[in-house]
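Each of the two complexes below includes chain A, the first together with chain B, the second together with chain C.
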Partner chain A sequence: MLKENISLTQLEALLLNFLLGSAIVIGIGTDAKNDAWIAILIATLIGGGTILFYWFLMNRLPGKTLYELLEFCFGRKFAILLSHGYIVYFLYNSGRVIRDFGELMASALMPNTPIEIISLTICFVIGYILYLGLEVLARTSEIFTPYLFGFIFLLTIFLLVSGQIEMTRLLPVLGEGFKPILKSLFPGLLTFPFGELIVFTVIFLNVTDTKKGQKASLIGVGVASFLLIFSSILMIVTLGVDGILRSNFPLLSTAREVAIGNFIERIDAIVVFIMMLGILVKGSVFLYGALKGLEYIYKKPFRYFSIPFAMLVAFYSVLISVNFADHLQEGLKLVPYFLHLPFQFGIPAVMLVILLWKQRKGKKNKTGWNYGSNQKAKKNPGT
Partner chain B sequence: MYNRKCGLAAAFLSVFLLTGCWDQRELSTISVVTGMAVDKGEKGKYILTIEAVNAQELNNRTASGFAPSTVYGLEGDSLEGLAQKMNVAFSRNLIYSHMKTLIISEKVAKKGMLDFLDFLERDREIRDDFNILIARGVKASDILRVTYQFQKSSPLKLHAQLDSMVKNWGGDPDVRLNDMIEALTSTGREPVMAAVTIKGNPKKGKSIENMQKVTPDAIVTLDSMAIFKAQKLKGFLNLNDTRNYIWIEDKLRRTSLTVPCKKNHYFDARVYDNGTKVEGYLDNGKARITVRVRTEAYLNGTQCAADLVKVEVYKKYEDLLEKTIKKNLLNTITKVQKQYGLDIFGFGEKVRQQDYQDYKKVENNWEYYFKNAEINVNVTARLRRSGIRTKSYLTNIKK
Partner chain C sequence: MAPIRRLRKTRALKKIGEIKEGKEIVKQEPSNSLLSLKKTLSGAFGKSSDFRVIEGFINGRAGILFYLESMINPKQMIKTTSKLFASKKDAQPFNTLDEFRSFSREIFGGVRCKSLKDDESVSQAILNGSLVIVIEGLTEIVSFHMLNTEKRALAEPSTQTVIRGPKDSFIEAVSTNISLIRRRIKNPKLTFEKFTIGKDTQTSVFIGYMDGIVNEKVLKELKDRLNGIEVSAIFDSGNIEELITDKTFTFFPLALNTERPDSAAANIMDGKVAILVDGSPFALMVPAVFVNFFEISEDFYQPLYLGSFLRFIRYLSFMIALITPSVYVGVLTYHQELLPTSFLLSIIAQREGVPFPAVVEVLLMEITFEILREAGIRMPKAVGQMVSIVGALVIGQAAAEAGIISNIMIIIMAITAIANFVAPVYSFSSASRLIRFLLIISAAILGLYGVFLMLILMVAHLCSLRSFGIPYLSPLAPFILEDQKDVFIRFPYWAMNNRPKYLESEKAIKANPVASPSPPPMKGE
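After this line comes the complex of A and B, so read on.
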């Protein structure tokens, strides 16, 4: 089990692509209608808090992954049980992300190609990347991220030039007040995409400098949120709220609007690139989280599991739901409550309490101060 | 050696991975559809007629004098089914992604049978870049059949024609599928479409001979603008009103306005820049709409003897221009208010954006408020220059 190191830029790139991932494919905060961007803005603050919370958790025991933390808190036997839960959760999420991509390809680009083939191909790539290790994944996302910025920039310019943008579509701001925003914040934006950062608790230890790591991850979340807000505004001013609500893939529909002088048009490929990169990184990171869990449980290098489990993800990404509506409904109605909330916030919160309690005890034991105070308490039980 | 093997393997793999899988189509097996026409069917709900072009005939170098396109129609209940069934007549796979024009017959629109727009919006191939037109007084399929000397195929001609029209004079609301659907789903706006018709004999129009004449036997002309109540066609506005409509909508690119300067004497202002802002709010149960127009123009011809070196003359002409624009816009708005009561200008949308709380209360009843809305038009017009002459020669004609 070699220790892999990733640089701070790589961590930022991973976070950025991870957060964009499927969020940019299916659009987020749509409950808030044309105030979606405000909702995302608020969610960003919560997202920053979330990642600091995970860092805080990991800093209690530096150099340990989520799974080792579980062991520390609950003992190995119970930790293995919980780890299995986390592994399945990460695999499931990976499958969902791949399914998002499969649906995108199948409904917008290649309707005659079986979704199985699409899932298998991308999962094979993911499996291979993870076989080579986290460093390769980090480098991949680091290399492609500049293109991401370039393409978003290009898309904006094209939309501006082709005259499809109407800023008045953002009005009225806060017409219905804060209610729709709160509705889209909880549990929607809180758990997806920001809460999903829980999987990074497996990756944080690969950053050598934890202080700078925290700062870098805040920057990563910030930049990603900026892009999400930006794309949200872009979608609203191009398509209008109704257009977004009617689109399965709003950003793709937005790109389809581009037409400059019968010459620059049909630039869907740009958007598909953005989405594919996000999906690739997000799917990989989730799979990596699961593989690290397997490594922890079975004490075998995670590389051994990568290809087989990638294939498993491909398999389940197809079986996960019968149709697209089922897929979305599951993702909006069931997953946040039954999977996201417990795994993203429930268990970590319990862990935090136990950790703080155990460490307090540990510290006091070392200094001996605790022992004395305990005796004091025993001495006068009646008062 | 190792590298070579890897390279070979990569080449071999890409043969299988980069072909587009099940969706690959060879260029030699496809035909491009340029236009669709929807008529009302007798047995089925619709008759869908499509035009597939023969690319060889469109290219002047390879053209050999055959018909530039094939037009064929089928009857059935839904457009999607018919579009895929077209191979009863066509030999190649039809590609709909380059469709330029959709023509809807007046009858279909009057019955409000525009439900097929869902298919057009949903289909991944069809894009939002085609013109949507109403065939006024003629069959929609006939419009597809009329040939024309330059673009040869009628949908291609119409697409280019309307584009030029927008650039030179206005008169085409330039409606795309998204605009249409946005208007249909919004409470504060009713949809419009450009309407075309055939001048001449439609029967003779479908021949190649039609392209060989200086005065074609039949030619497709832009006729007016159709206005809708939801999906139902309610009436037509003439071209001048259409221009005023896009003036209010802030879609005007360039136009020429003929303004009276004396009795039966006119001057022409070539408008080259225009910005329109609409402000609206509800006040004591009455909608108040202010249309602010800021126009830049140059004088491009006068029938009055005018000394166009003087600032005062410019000033006078600017005033006349402003008055005319104001009168025109108000006329069109009042006409629509009185005659149809349909908010095609999207004033409701503006009120919604600017006065949301009040608008929410009257949302379902906006039509009534639109009819009784108080309209105010403010025009600022600037005449910047006067072509390449100063004084008109009319000022010193020796009698």
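After this line comes the complex of A and C, so read on.
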């Protein structure tokens, strides 16, 4: 099987769209009120650290996915157990992302269309893209990324021209000290969106130039954070803190403030398009992570799973919560502690310790280095 | 005359008799035997009335000429045969093949001569417009290429017209097409290789490329695919295109076709391969990528800014042709709030008398237009007037007044139609023409969301396409910075010193980098 390659720009585009994904839909750092942008700024530094941590982890054994790393650390049997955990976690996250989008569509563009239809259609597109492969996903996001910048630029210009922006709404800076910022940082911003980069550990090996990959990922995270901070500031100066807290989809409410002359009044469609792109990439990348896990466990090309599991994600996205309030509550209170922290940081940290220990041991008695390949050689005759 | 001929004949027969008795150096081959060959060929060509056999004596030896009257150039035929049979008195009867060669060189001059071994190749040669000469006693059958080169005169291109630039175009005769390209690229590296494709039609197909520039992998792949073709008939390059492209089930053409020799030459210089099919005035260019269908050679003949601007117009009109009707349907059906109130009111007032929902209205008009378009192409020229009059009635003011459609619909359809005609390569406009209908239907079901979904599906599909291994959307995805000189805007011609990187040609650099031609120093400098 030929390896799929993605270039550095494609990796950046994927990271950018992934991080914007649902973060731009439901707004992040809202706990910090009008200092949300400071919170995101600090989170960016942590996010950069996070992705470097994942790179460090993956560079211990180059050319291996997260799942193969699990096997190296824990042995195949236990790795399969953990892999199932990761697969469900990724599928669940994908479903959450799709749910966010479904709720957005239901409240903004298509109020009379049932959310099931929205989920099914977008999941079909995701399934189709993944059926075509990771390369196609990367290229598609590469094609659409310039439009993303264009639309955000247009939105800014329109808001400026229609006179809705009041810079004083940013004041007071740090009015309540650092406490709200810390509150929004942990575990909120740390795990969502930056911690979710754990899924990229199955993509890193596809990057053509792994040496420059770290730098490119940092650039991707940096640009995404810049856009997140930018949009956060845009929301604050347009809507004010109260407006943001009242609105389910702050960026959409921001776009609705646009009114130029009597002509350009409702540009919801443009904003929904920005969001749709991010959602599509984020949902696809999560699903891809899960599919690669299935490929690892069942030793079948992931393409076979793509459409059925996309449909499963659509199913998940409808079933995970009764309504939007429930969905948000679950996402803010339960998921970060019970799912995000262990899967994003807990298991990887344990893995890193085991890896370093094993490789140090390997260095002492030279044979240990080949542990991974021995394992593979043992495994191959059976298959 | 008659007695002399009889005299010669008897003399010749006597000679043959002598040869047969054992003085002959040349060996007698059974397949070469005159009678048996005559029998086989007459059987093969059966009742064809244009198959001719002439028997006679050439320099005292019995010989037969086979040819197809309809394929041979009559003037040349008369000139050579009269010489061939009018043997001089002191003519030495030739005994060896070499002697015959030197004899025929006098008569036929530089005409392409070929030795044939078996019956199969003899009938092929006859079919290709050769005069086949068989002489008793010679081991080889010789054919002379005397194809009737009757052909259409070079005319202006009919589908890919330009304002400024060369006005000649390819014609149906492949030899002329090759010469049109050769005249533009005077370089021995320009190579044309011949393939014979079509089990029954035996069509000549030529591939032309610059040796040393073309991507060898692409060339090998192309040759493999051409050799792999197993069909009975090839009539146009369109047949070849469908047989060799990477994917048939797509709306997008994966090979560029052009009827302009200058564009073909420019593409060959970039490292592409041209495929010329005998009988087709369209050359195929492979590998072709998406952006190639928006570039025309005239971009580089026109002033810099205009060239770039027109390119932008082309991309814009592709998008307009693609999405305008579906956005109309989506907005009017689901998202009325996106329109400014006064505009919405005016549209609703116009649509008051229209009995159909927007999607039916759009489909009705689009189908009507497609019918008109097809009628416009197929109708006999004599009734052209009528179609335009009736067409104006069907999709014009009259339709709106009759209450079938709204006025805004006419405008939507008109802009879609005009934008669709902008595509420089006709086969590419079929993509926007067909996908438009998918978009209209998805807009009717899911509104603008459906349109976005469909567009994303389209882009994903485009990303998955490849033309001879080259990603179809390169140099956009994968993004190649160096190739952006010739995508959305065109750089000055002196700045184009690299070949497109996505083609991975063997020689990437076209010319040494030069700066803008600098003017003399300004006064006071």
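The working rule: the second predicted complex is superposed on the first by the 364 of 383 C-alpha atoms of A that agree within 3 Å, B and C clash if a C-alpha of one lies under 4 Å from a C-alpha of the other, contacts with A are read in each partner's own complex, and residues count from 1 in each chain.
Everything that follows uses one rule, which is that contacts are C-beta pairs under 8 Å (C-beta built on N, C-alpha and C of every residue); 3 or more make two chains touch, one makes a residue touch a chain.
Quick caveat, the model's predicted, so the values are computed rather than measured.
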| item | value |
| --- | --- |
| Residues of chain A touched, compared between chain B and chain C (which is higher) | C |
| Touched partner set for A:276, first chain B, second chain C, both or neither | second |
| Touched partner set for A:265, first chain B, second chain C, both or neither | both |
| Contacts of A:257 with chain B and chain C, given as first, second, both or neither | first |
| First (chain B), second (chain C), both or neither touched by A:139 | second |
| Touching partner for A:219 - first (chain B), second (chain C), both, neither | neither |
| Partner chain in contact with A:121 - chain B first, chain C second, else both or neither | both |
| First (chain B), second (chain C), both or neither touched by A:46 | neither |
| Which of chain B and chain C A:110 touches, first, second, both or neither | both |
| Partner chain in contact with A:171 - chain B first, chain C second, else both or neither | first |
| Shared chain A surface residues [contacts with chain B and with chain C] | 109-110, 113, 117, 121, 265-266 |
| Residue numbers on chain C that touch chain A, as the complex places them | 334-335, 337-338, 340-343, 446-450, 452-453, 456-457, 459-461, 463-464, 471, 473, 476-479 |
| Touching residues (chain side chain B, partner chain A) in the complex | 17, 20-23, 97, 121, 124, 127-129, 178, 181-182, 185-186, 350, 352-354, 356-357, 360 |
| Chain A - residues contacting chain C, complex | 7, 9-10, 105, 109-110, 113, 117-118, 121-122, 125, 128-129, 132-133, 135-140, 142-144, 262-266, 268-269, 272-273, 276-277, 280 |
| Touching residues on chain A, where the partner in the complex is chain B | 107-114, 117, 121, 168, 171-172, 175, 239-240, 242-243, 246, 256-257, 259, 265-266 |
